[in-house]
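Quick one: this structure, given as structure tokens, is what I'll be asking you about.
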Amino acid sequence: MTDTVGREAGPRGGDSAAGDTAAAATAPGGHRVEGTDKVTGAARYAYEHPVAGAVYAFPVTAPVASGTIGALDAAAALAMPGVIAVLHGGNTHPLGGREFELSLFEAAEVTYRGQLVALVVADTLEHARAAADAVQVSYEPSGHDVALRADHPRLYRPDKVNPGMPADTGYGDVAAGLAGAAARVAVTYTTPVQHNNAMEPHAAIASWDEAGVLTVYDTTQGPSADRDTIADVLGLAAGQVRVISPHVGGGFGSKGTTRPHAILAAVAARAAGRPVKVALSRQQMFTLTGHRTPTIQRVELGAARDGRLTAVAHDVIEHTALRTEFAEQTAACTRVMYGTPAMRTTHRLARLNVPAPSWMRAPGETPGMYALESAMDELAVALGMDPVELRIVNDPAAEPDSGLPFSSRNLVACLRAGAERFGWAGRDPRPGVRRRGRWLAGTGVAASTYPARRRPSTATAELTGDGYEIRIAAADIGTGARTALRDIAASVLGADPARVRVVLGSSTLPDAPLAGGSMGTASWGSAVAAACEALLKDGRHGRADTAGDVAGDEGWARHSFGAQFAEVLVDPATGEVRVPRLLGVFAAGRIISPVLARSQFIGGMTMGLSMALFEETAVDPSAGAFVRTDLAQYHIATCADVPSVTAFWIDEDDPHLWPGGGKGIGEIGITGTAAAIGNAVWHATGRRVRDLPITPAKLLNGEQRNAAGEPRGAERNNGE
Amino acid sequence: MAVMGNAHVTLVTVTVNGKPRTVMADNRLSLLDLLRERLGLTGTKKGCDHGQCGACTVLADGRRVNACLALAVACDGASVQTVEGLAGPDGLHPLQQAFLRHDAFQCGYCTPGQLCSAVGMLTEPGPSAVTADLTADPPLTPGEIRERMSGNLCRCGAYVNIVAAISSEAAPASEVAGPQATISGGDTAPYPPARHTEAGAWAPGSGAAVS
Amino acid sequence: MRPFSYARAGSPADAVGQFRAGAAYLAGGTNLVDLMRLGVTAPDHVIDVTRAVSREIAKRESGGLTIGAGVRNSDLASHPLVRERYPMLARALLSGASGQVRNAATVGGNLLQRTRCPYFQDVALPCNKRSPGSGCAAMAPGADTAHLAVLGHSPFCAATHPSDMAVALTALNARVCVASPAGGGSGTANTGGIRVIEMPGLHRLPGGMPEQDTTLRPGELITEVKLPPPPGGRQAYRKVRERASFAFALVSVGALLDVGPDGRVRDCRIALGGVAHVPWRAHAAERVVLGAVPSAEVFAAAARAELRYARPLPGNEYKVTLARNLITAVLGELMP
């Protein structure tokens, strides 16, 4: 399946045939080391480990968003059948650590609805849950504020945005660039609160042995860091905590940091003197496991007649919690994407009575690229220019904000290859003119980007009786880490992959960073490759620590890029939107495991489709509550919503990456998707919906106001 | 089924994967928690506990259902098949093999439910919401499979591979859409899905404009 | 969940005989177990009626069908006579929930589904339906009203009835047979402990008593649904939702159009889902269409007539447009 489309991309040559799983060589267990365990039900997730004598715990949470916790009466609950203990602020030893969310029920104040207040431990889940309802807590409610607004009186500039970048950047004269532009776009986009909603709810089983060592079967994206945090919170030495997490039912960021369920299980097990199992309900996950902040994004673009940008401004407003600051780097992508003589990016936060926002797949880039790439489409319309060409003429020679050279950048190649594969050529740019039965049809394009980074990791490699064993505290959250690391090791060792066994998913293994930020394979793979090289020298053992190598990663701008093309159908009578076709081409370094990479790309794009059309946790300002907190109301895409998602890639031979040459692929697929779909909705209908998700309500209504105080929903494009 | 001294518990017998299993069940116990917490059959997953995700899908008396919405006590006398019971003495069920072949999962948490759902779906007669002619039993095109599998959410976004895997086992490839349907992961289905009235006529929108 | 005793009933008489205050009937469980787990409903005695009511679909001499209340949604949808003669019903059933839920859910239970209003389901918030007199969180400024009613609601409740099947049964003039406990009162027709309710009379508007979804009295049990002989003309059911599948309706329309040899409409039935506390029979729209020569203009006028008195809440104005457009579009599809 090679063709001419991607050949320019590098010596490794050509587009890879990413659409073809069945044709790839398939081992008996499939493409993944743990595949058979997953299709037979043998793979055990956190809550499923057989731990003798385990009892059950269920949390009690605050029904108000703000106030003081008054009397807590556990007598009725304690008198119920099977109840072993009721833990609350009055009878639980204060915890350490830095995270408010992990201090459990210590706070006397409620600062968000759903905050933990108590925990009931009982012999069965039925008993624990019934008794949790019987715990009587009185609250002295005080005024709450959960509504993010562009004119919120308490907006402030955070010192940094994640993961340590400046909140504001700028160069050049933005005002002059806009004033002198031949075409301008000045628009506001909003994205709602979104929830990760991994299929496996957050769960843990904790048990203490006689020596005071705590074992936690947890669902985590990083056993080493999870162990350290649990130890820190409980005042233990790291050596006194063991985290075991062989299989993780998805995380998408929500399991990247220790979550309260693990601490609850540990504290309850200590109090009960028995192992304790805790699983959050789906509803509780909406307040106790993080979410993506809502955003209000003002984007201003100016361009000369030839399409070259004269100024770019991206000003972001988002929320964080009263007791925890989480500053999503929403405008960071704009610092990377397009060349311009003048740029401003800013982030402002409002502290609200909400649970702390946290990591969700491609934090920053996902909402940020939605706004930037939608605005680029509006600019193309205003200029009367093809949106693919607009992006090509603005492709910068160096990273615009930092001036650093790109280690490799193939956005243009992705755009060209995608345009050819999608059949973009000859597209009629006029909106609202293509009828297909009752549907209006349209197409749209957007770019994708995500940084390529790695973190220090350790690993060991050992010659065993019949092969090799690789040990590393990595996590396989569905990415295929076991398989990718096996293949990396086999390649370095020159061994048959079948003879390489990768042991991961436990904090007792050599320390490793978490599966997050698309850094897993690069971070772990660097250590595994180095450990294998050490083994080859030693003959029996190899150990690696990449801290030194990673420290030398400065000096280059390393990013993946991609282009996504969407075809949509909109019924103008009902506002129904369907996406019959989504096609992406990505340049993400060297692809380690093609089949698994394809699954990651299409998975990210599918989540992007879901974000574009469905996902929203409503915020009720009166109740101070998140609403739609289950999977019947927080809609994620179903099978019927995803008829065709295809992913292709351009192999990059980038010498400035880690030895494996991959840039990371877990997140780029979701960036830009929502913009491509929104741009296609405009092309289909002439309606520009600037507030996600793009629902029938917004396509049919023009009168509502969004959080920015502007008309919400469909609007005519400025450029028309 | 026998009611013991305590009116809130019941002795329940359910045949699971061919073996009768008897437990003293709290009447509140779900079939899902019976399997997972009492019988140690953790292959069946809890994703939402409210029938909204399909991770707990099992076959009860041959039909796919959400085990989270079934009370164990109401299943007394029933026969239940779980993911642990899909493989036979000769190895994996063809659908399990197809899921492996097509990489039809990532994290794997929805997978047992997807598999049990697919096994049940393939035996279900009649049309679906996207079937053009209600009176005919339609071939299982990718579009039909997508609609019929929409009770099983997958957050990793493996749907196109899941549909490819099921397509490969639903019917000989030639009867569906040719072998390409297997390989390209479900991008061969025609769209839009026609909305048919009884007579099968499909009229374009009546021109009602967005107001 | 509160502890409860459990018993199986072998007949309708057995079931209603066992009923007492605080008891609940269990059929497929797809809604009751859901609500019990949320704490919305807390029966102390559960009467399993899956063996008490018929699971048969029988052809009646009149040409209609008698559907046992225990018939599973999927079995009803796949029944040859339903597919052939009542396509609106088959489509409504098939557009509801998921394959798994349809395999468990029964006809009786489907009719008695409770609202999916988020404020009804969150037991910590006020809700007059769940906790009479506590207030309605959906009426507060900024509340999430996107899925709530635009027709027939009261200041105390704007919940919608979630069933698709009930919309089709309403348009098809189905009758619901109910077994009453001893001493049960009189209904539309009273035949010795069994009364018959004509749809949409089973459901009621919220008024000042939103806690009461239906006109059933305590302990009454749905035993059968009777469908009149298949009406002439063509039928359709369209459901609009954000996702393509597995979601409750934003708005749905079940409609029938029969045009006589003179070119005039001799029968027209329209029912709406997702817009009211009941499956909403669109009599005003029907009146415009009946006797008229069908045309896009007539259908649009009919849709306007039905929605003329709609009272959207802040945030669900779109439903008025959507319902109007959907009625017009579906009737257009049914033009011969």
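A, B and C are the chain letters, set down in written order, and residue numbers restart from 1 in every chain.
Here is the rule we go by: contacts are C-beta pairs under 8 Å (C-beta built on N, C-alpha and C of every residue); 3 or more make two chains touch, one makes a residue touch a chain.
As the structure is a computational prediction, the values presented were derived from the model and not from experiment.
Student: Looking at A-C and B-C, which one has the bigger number of contacting C-beta pairs?
Tutor: Ranking A-C and B-C by C-beta contacts puts B-C first.
Student: Work out the mean Cα position per chain and let me know which chain is farthest from subunit C.
Tutor: So the chain farthest away from subunit C turns out to be A.
Student: In whole angstrom, what separates the CA-based centres of subunit A and subunit B?
Tutor: 28
Student: Between subunit A and subunit C, what's the gap in Å when you average each chain's C-alpha atoms?
Tutor: 39
Student: When the centre of a chain is set as the mean of its C-alpha atoms, what distance in Å lies between subunit B and subunit C?
Tutor: For subunit B versus subunit C, the centre distance works out to 26 Å.
Student: Which residues does subunit A have that touch at least 2 chains other than itself?
Tutor: Answer for subunit A, listing residues that touch two or more other chains: 126, 130, 438, 573, 575, 578, 630, 632, 637-640, 700.
Student: What are the residue numbers in subunit C that touch two or more other chains?
Tutor: Touching at least two other chains: 1, 3, 243-246, 321, 325, 328-329.
Student: I need the residues of subunit B touching at least two other chains; which ones are they?
Tutor: 26, 28, 49-50, 146-147, 149-150, 152, 195, 202-203, 205-206, 208, 210-211
Student: Using the touch definition up top, name the residues of subunit B that touch subunit A in the complex.
Tutor: Its residues touching subunit A are 26, 28-29, 33, 36-37, 40-50, 52-53, 55, 82-84, 86-87, 92, 96, 99-103, 105-112, 115, 130, 142-143, 145-147, 149-150, 152-164, 168, 182-189, 191-192, 194-195, 202-206, 208-211.
Student: Please output the residues of subunit A touching subunit C within their complex, sorted ascending.
Tutor: Residues of subunit A touching subunit C: 63, 81, 126, 129-130, 133, 147, 438, 573-576, 578, 613-614, 618, 620-623, 625, 627-630, 632-633, 635, 637-641, 693, 695-698, 700-701, 703-704.
Student: Any idea which subunit B residues touch subunit C in the complex?
Tutor: Against subunit C, the touching part of subunit B is residues 1, 3, 7-8, 10, 26-28, 30, 49-51, 54, 57, 63-66, 68-71, 73-74, 117, 120-121, 124-129, 131, 134-135, 146-152, 195, 197-199, 201-203, 205-208, 210-211.
Student: Which of the residues in subunit C end up touching subunit B in this complex?
Tutor: 1, 3-8, 26, 28-30, 33-34, 36-38, 46, 48, 50, 74, 77-78, 80, 83-84, 87-88, 90-91, 94-95, 97-101, 103-104, 234-236, 238, 243-246, 296, 299-300, 321, 324-325, 328-329, 331-335
Student: Can you name the residues of subunit C that touch subunit A in the complex?
Tutor: Those residues of subunit C that touch subunit A are 1-3, 39, 116, 118-119, 121-122, 124-125, 137, 140-144, 146, 240-248, 250, 315-319, 321-322, 325-326, 328-329.
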